[in-house]
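Chain nomenclature is as follows: A, B, C, D and E, assigned in order of appearance, with residue numbering initiated at 1 for each chain independently.
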Amino acid sequence: MKTPVIKAENVDLVFQTGDGSVQALSDVSLDVGRGEFVSFIGPSGCGKTTFLRCVAALEHPTGGSLSVNGMSPDNARKERSYGYVFQAAGLYPWRTIARNIRLPLEIMGYPKAEQAARVQKVLELVDLAGFGNKFPWQLSGGMQQRASIARALAFDADILLMDEPFGALDEIVRDHLNEQLLALWARTGKTCLFVTHSIPEAVYLSTKIVVMSPRPGRIADVIDSPLPKERPLDIRDTPEFLEIAHRVREGLRAGHAYD
Amino acid sequence: MKTPVIKAENVDLVFQTGDGSVQALSDVSLDVGRGEFVSFIGPSGCGKTTFLRCVAALEHPTGGSLSVNGMSPDNARKERSYGYVFQAAGLYPWRTIARNIRLPLEIMGYPKAEQAARVQKVLELVDLAGFGNKFPWQLSGGMQQRASIARALAFDADILLMDEPFGALDEIVRDHLNEQLLALWARTGKTCLFVTHSIPEAVYLSTKIVVMSPRPGRIADVIDSPLPKERPLDIRDTPEFLEIAHRVREGLRAGHAYD
Amino acid sequence: MSWVLGALGFWAAAWALNVRLARLRNTRTLGLLMPALFGLTLLVVWEGLVRGLNVPGVILPPPSAIGARIATSLPVLWADFVQTFVKGALSGYVLGCGAGVLSAIAIDRSPFLQRGLLPVGNFIAALPIVGTAPILVMWFGFDWQSKAAVVVAMVFFPVLVNTLQGLSAADAMQRDLMKTYSASYLQTLTKLRLPAAMPFIFNGLKIATTLALIGAIVAEFFGSPIRGMGFRISTEVGRLALDMVWAEIAVAALAGSAFYGAVAACERAVTFWHPSQRGL
Amino acid sequence: MRSVLPILTVVLAILALWYGAAVALNARWTLDQAARAGQELTLGQIVSDTLQQERPKLPAPHQVGAELWKTTGAMALEGRAFSKRSLIYHGWVTLSATLLGFAIGAGAGILLAVGIVHNRAMDRSVMPWAIASQTIPILAIAPMIIVVLNSIGITGLVPKAIISAYLSFFPVAVGMVKGLRSPDAMDLDLMKTWGARAGQVFWKLRWPSSMPYLFTSLKVAMAASLVGAIVGELPTGAIRGLGARLLAGSYYGQTVQIWSALFGAAILAALLVGLVGLAQRITLKRMGMAR
Amino acid sequence: ADEVTLQLKWVTQAQFAGYYVALDKGFYDEEDLDVTIKPGGPDIAPSQVIAGGGADVMIDWMPSALAAREKGLPIVNIAQPYKSSGMMLTCLKETGVESPEDFPGRTLGVWFFGNEYPFLSWMAHLGIPTDGSEGGVTVLKQGFNVDPLLQKQADCISTMTYNEYWQVIDAGIAPEELITFKYEDQGVATLEDGLYVLEEKLDDPAEVDKLVRFVRASMKGWKWAEANPEEAAMIVLDHDETGAQTEKHQIRMMGEVAKLTAGSNGALDPEDYRRTVDTLLAGGSDPVITREPEGAWTHVVTDAALH
């Protein structure tokens, strides 16, 4: 973790809208090292998505500096460093599941044979092996979400950006995918930025948890997780786990107006 | 709880689709007494939504019998017995939040003055007091969801049907709304049918938890909760609570293919 | 030759300016300035080509001659405008669109009628006006009534079809919501389905504006009193007064665009909530 | 197939209305003629006369049908399908101009839409004029277009095709602008995260997602092309084509001939639009977008 | 062979039989000409076509030709195969119209598109306003057919002796039920269906020679048509591509047309020209032409062709 992969210093972002301006990010500073798994948690509208979009060069900070792999996010994007999973599945309805997953490979010019092999591999990874030839609307919402995760995993992105990827899934499926994601991350050493609303999920997955607070979006707390890399599901009942979860909850609560 | 408000006996429902028929509900029998709070939990596609729709007379069972307040669901609907919160917010984009909430009141012919008073009250209940004059697309997803809950609470429905109303909200807001809902239920004695993917939520809210399993949609387990009516949030750390949660999780797991 | 080169030079300069303007922030004045500049370019190129290539005035007059003609013929142009646009096109537009929306609401209640009427309606809508106009002139006489009838025939089906499509635009969940309130047919119609249909209805109404003006003008070719834009155009072509012809065409284009713009403005006011009106 | 019965019902209703209207509109002529001849007519005589006049105000359906058959099927059976008196021949003339005009118009419309979507200057300055262009009465300028093109030596099919292209480019341009803009922000952002080039975004995202819009507007454009071809036929000396038939019929007061040419045109339009619909169904099905 | 394109004023019909006969019988070939005949129609202004270079020779009525000349299009009459005017106003007797004095207050159908000049001149002669003012007539722009009379939307309509009049008869109205006013009889006849070319052509001897041969062959065609009306009508029918004309109507038309061409050998009679110009100049407040035309006709071609 010597050279950070992502280095944000005093990042500000102000949206100009019809009726006045909205400060979405304010003075956000954060270092993410190679191979880290960072979760972002915070109330709705606090700027989680906006920060991920800045990293992927889909938005541009209006203040401060942000670098990825030592270069600007724009250049990093040209190097094809990113795998992005959006909040909604966003599959193209005119392509089958397999061809949706193949799309980024086509764009990045992978050889034909390799494309097929990679598609097959990630389909299996997300338990959709038999569904490659279905169209998106022939799948349930949860399956679509898994296909969109597979699409982001199919090519060799350095950095995986995931915006509430498991929001629409039930608890059991979610647990299962959490385990899979953790295994993949451990195996490949990718750097992951992960947005979630679920405290246990954030604690279970991350090496670092960023708690954000709204109006204007700022970082309220950064928690480095002492949990080991090897994490069975029942680690969630250990005192260390509950301890971190408690700290996250407190940080979150501070951002809300209740009680 | 002498005369059940909702009485389902061997309810079957088969959808006829282009390529064959889908059995969405199979042999579902369930009694719900006046003032009960019943949660439905189960994997995606197991028929939770379908059952709620049958109760609201939006679908019609193809077998078995279903009665509401001793009459057919169709007649119950004519009595305006239902408040329904759909999985998505479903606000009308051409009406402001306040006028969206007022819509059912207009339809049911409440006097003008009372309409305004009620709208004001439920807006406060869901923490949207200042937002009555905004249009739906000017609010974040979570706020829209709260507006749609307010809309269902604005009029005096006997039976509240809620289909994953809190799916899009973060944990803190969710906890807050859970408390509010419970208080409202205790105060008004409405009968509630509630669909959720969250086990703690189901256990925290309900007097009765129905665990469903898919293909074809049937009831796997019905758990009567021994928890008291008065439930502070930290009841979730008591052994009784965890005990029920465990039973629900087991029931759920049986419906999945993993391990 | 210098005229031609000058015109092309102006074109290049104006385009470069427009490209530069396009990078600026979107404002109201810019929204008017850019098309105005483009239109000015068209006129300059036209003038330059006509003069440079010595095109006879009886084939294509230069814009300057047309402008001069407009200035001297305002009373005639106004009388023609009233006859064709106000009496013929507008009345036909109101009648045809009104009938289209009302019929759509009536048909909407019967899927049977919908399935039967739509294909037949599309077939009837395909009857070319150049054929139907003389027939309607024969039936409804020479004055504006027959022009209005042609307009009605032209706008009815586009509005009907769009309205029908719009009435089915409210999604299933929104309708189910109405059902849980046990709302009456009329309540569902006025509070849900008509508002949801507005973007589609306006689509039809916008298409209908251009159709209405064209229909009223074309119908005058097949018989008319001795005023009206279509009458003037066909008569003055025969007299080789091409400047007058283009003056009428200019009025038609102006009136048509203004009509379209007015309906589009209503659309923005009524369907402000639709994503297509919010975006950009 | 479920639609057969409803369509049949509607067609029957229209036929009934039509016969009624024919009797009502044509009765005056019958009565006038009788009055001139000093005869008294029974109701039956009036009705039967109104349905078989030579120059009726509104010809009866069977008269139009008979004329259609006489000028198409019957002539084809005699092997004179392409004689000048056959509607098949005139329909073919119109069809070729329609198809050429449609190809030019649809192509131009698509190109214009691509330009508008990719170039802000074009978007802001051209669109209002595209709308204005459609408010110009084509029937008024068609003769001038023909004369101008004639004078530079372009005659025959092309001038007509240009007029029909003028009418058909607009719906395609408008529909395609909408279609090419239909991918939402997220779809476009996804492409950005992969570092896709403009060409890739166009072919892999914008183009496929515009398909439903393309076909809908192609249907409108096809009908407009046909109208354009007919309009373009009037000032060419009205020699050949359905437009010439309409005009000649109109000039000689041959209402039956007008109506049969009219229906010939509508049938042609229905066939062409149906063909586009077929292409639409096949394409969308192959793309998995038809459900 | 030299190429000549002729633009007709109206659709293919016996009104133009002479040219079709010359084409069909090889009279043009004999003169080493390759002639193309372009039919006209309601939307075609022959003078516009000739200005655009789409034709070498056109057929037009003198009023609109002179009006065009005043507009700056230098066209010249080179031959005049029609001696008399076929124009008239046809009214239903039952409307009570008996003489031009009855016109005020009536609705009259008139052809426009450059064909309104004779009517306007006539009304100016009679002192009847046509602009809708008190004591005037209501003018309708008449379409392509005789429907306004049959449907009783107009009291009188414009007809040609050789065409529309017979369409009224064919529609079932007996001649006794009609009353007609021929422009010839009213003393306001203007010359119809002359041959016109652009002035510049006459400066080129080669072009003049071509025109001479063209007029010679055309007049031969006309005289043949006058002598053989039935065959001439059949030749016209053969050239009708719309397939809309009927044999009966064309034969009858040929017969009527022959009466109008009968008095002409092709050369313009200066007296007819004088009368036409006087009629047009006397148009009251809004005359068709405002100045005495100069050089609007020439005998150069006919002199060479006929001698």
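We take it that a contact is a pair of C-beta atoms (placed from the backbone, for glycine too) under 8 Å apart; a residue touches a chain by one contact, two chains touch by 3 or more.
The structure presented is a predicted model; accordingly, all values stated were derived computationally and were not measured.
Visitor: Among all the other chains, which ones are in touch with both chain B and chain D?
Guide: Of all the chains present, those in contact with both chain B and chain D are A, C.
Visitor: Chains shared as neighbours by chain C and chain D?
Guide: Chains that touch both chain C and chain D, as defined above, are E.
Visitor: Moving step by step between touching chains, how few steps can get you from chain D to chain E?
Guide: Steps on the shortest route: 1.
Visitor: By CA centroid distance, what chain is farthest from chain A?
Guide: E
Visitor: Looking at A-D and C-E, which one has the bigger number of contacting C-beta pairs?
Guide: Answer by contact count: C-E.
Visitor: Rounded to the nearest whole Å, what is the centre-to-centre distance of chain C and chain E, using the mean of the C-alpha atoms as each centre?
Guide: The computed centroid separation for chain C versus chain E comes out at 38 Å.
Visitor: Just how far, in Å, is the C-alpha centre of chain C from the one of chain B?
Guide: Going by mean C-alpha positions, chain B sits 50 Å from chain C.
Visitor: Hey, how far is the Cα centre of chain A from the one of chain B, in Å?
Guide: Computed from C-alpha means, the inter-chain centre distance equals 31 Å.
Visitor: Specify, in ascending order, the residues of chain E that touch 2 or more different other chains.
Guide: Residues 42-43, 45, 48, 52, 143-144, 147, 151 of chain E each touch two or more of the other chains.
Visitor: For chain C, which residues are shared contacts with two or more other chains?
Guide: Those would be 59, 134, 138, 221-222, 234, 237.
Visitor: In chain B, what residues contact two or more other chains?
Guide: Where chain B is concerned, no single residue meets two or more other chains.
Visitor: Identify every two-chain combination in which the chains touch.
Guide: A-B, A-D, B-C, C-D, C-E, D-E
Visitor: Under the definition above, what is the set of chain C residues touching chain E in their complex?
Guide: Touching chain E: residues 56-59, 134, 137-138, 141-142, 220-226, 231, 234-235, 237-241 of chain C.
Visitor: So in the complex, the part of chain A that touches chain D is made up of which residues?
Guide: Those in contact with chain D are residues 53, 56-58, 77-80, 82-84, 86, 88, 90, 92-96, 103-104, 106-108, 135, 137, 161.
Visitor: Per the contact definition, I'd like the list of chain A residues that touch chain B in the complex.
Guide: Contact set of chain A toward chain B: 41-45, 140-142, 167-173, 176, 197-199, 249, 252-253, 255-258.
Visitor: Could you pull out which chain D residues touch chain E in their complex?
Guide: Checking each residue of chain D against chain E gives 29, 33, 36, 55, 57, 83-86, 90, 142-144, 147-148, 150-151, 234-235, 237-240, 244-245, 247-254, 257.
Visitor: Mind pulling up the chain D residues that touch chain C in the complex?
Guide: 2-3, 5-11, 14, 25, 57-58, 119-121, 123-129, 131-141, 143-144, 147-148, 151, 223, 226-227, 230-231, 234, 243, 246, 250, 255, 258-259, 261-263, 265-266, 269-270, 273
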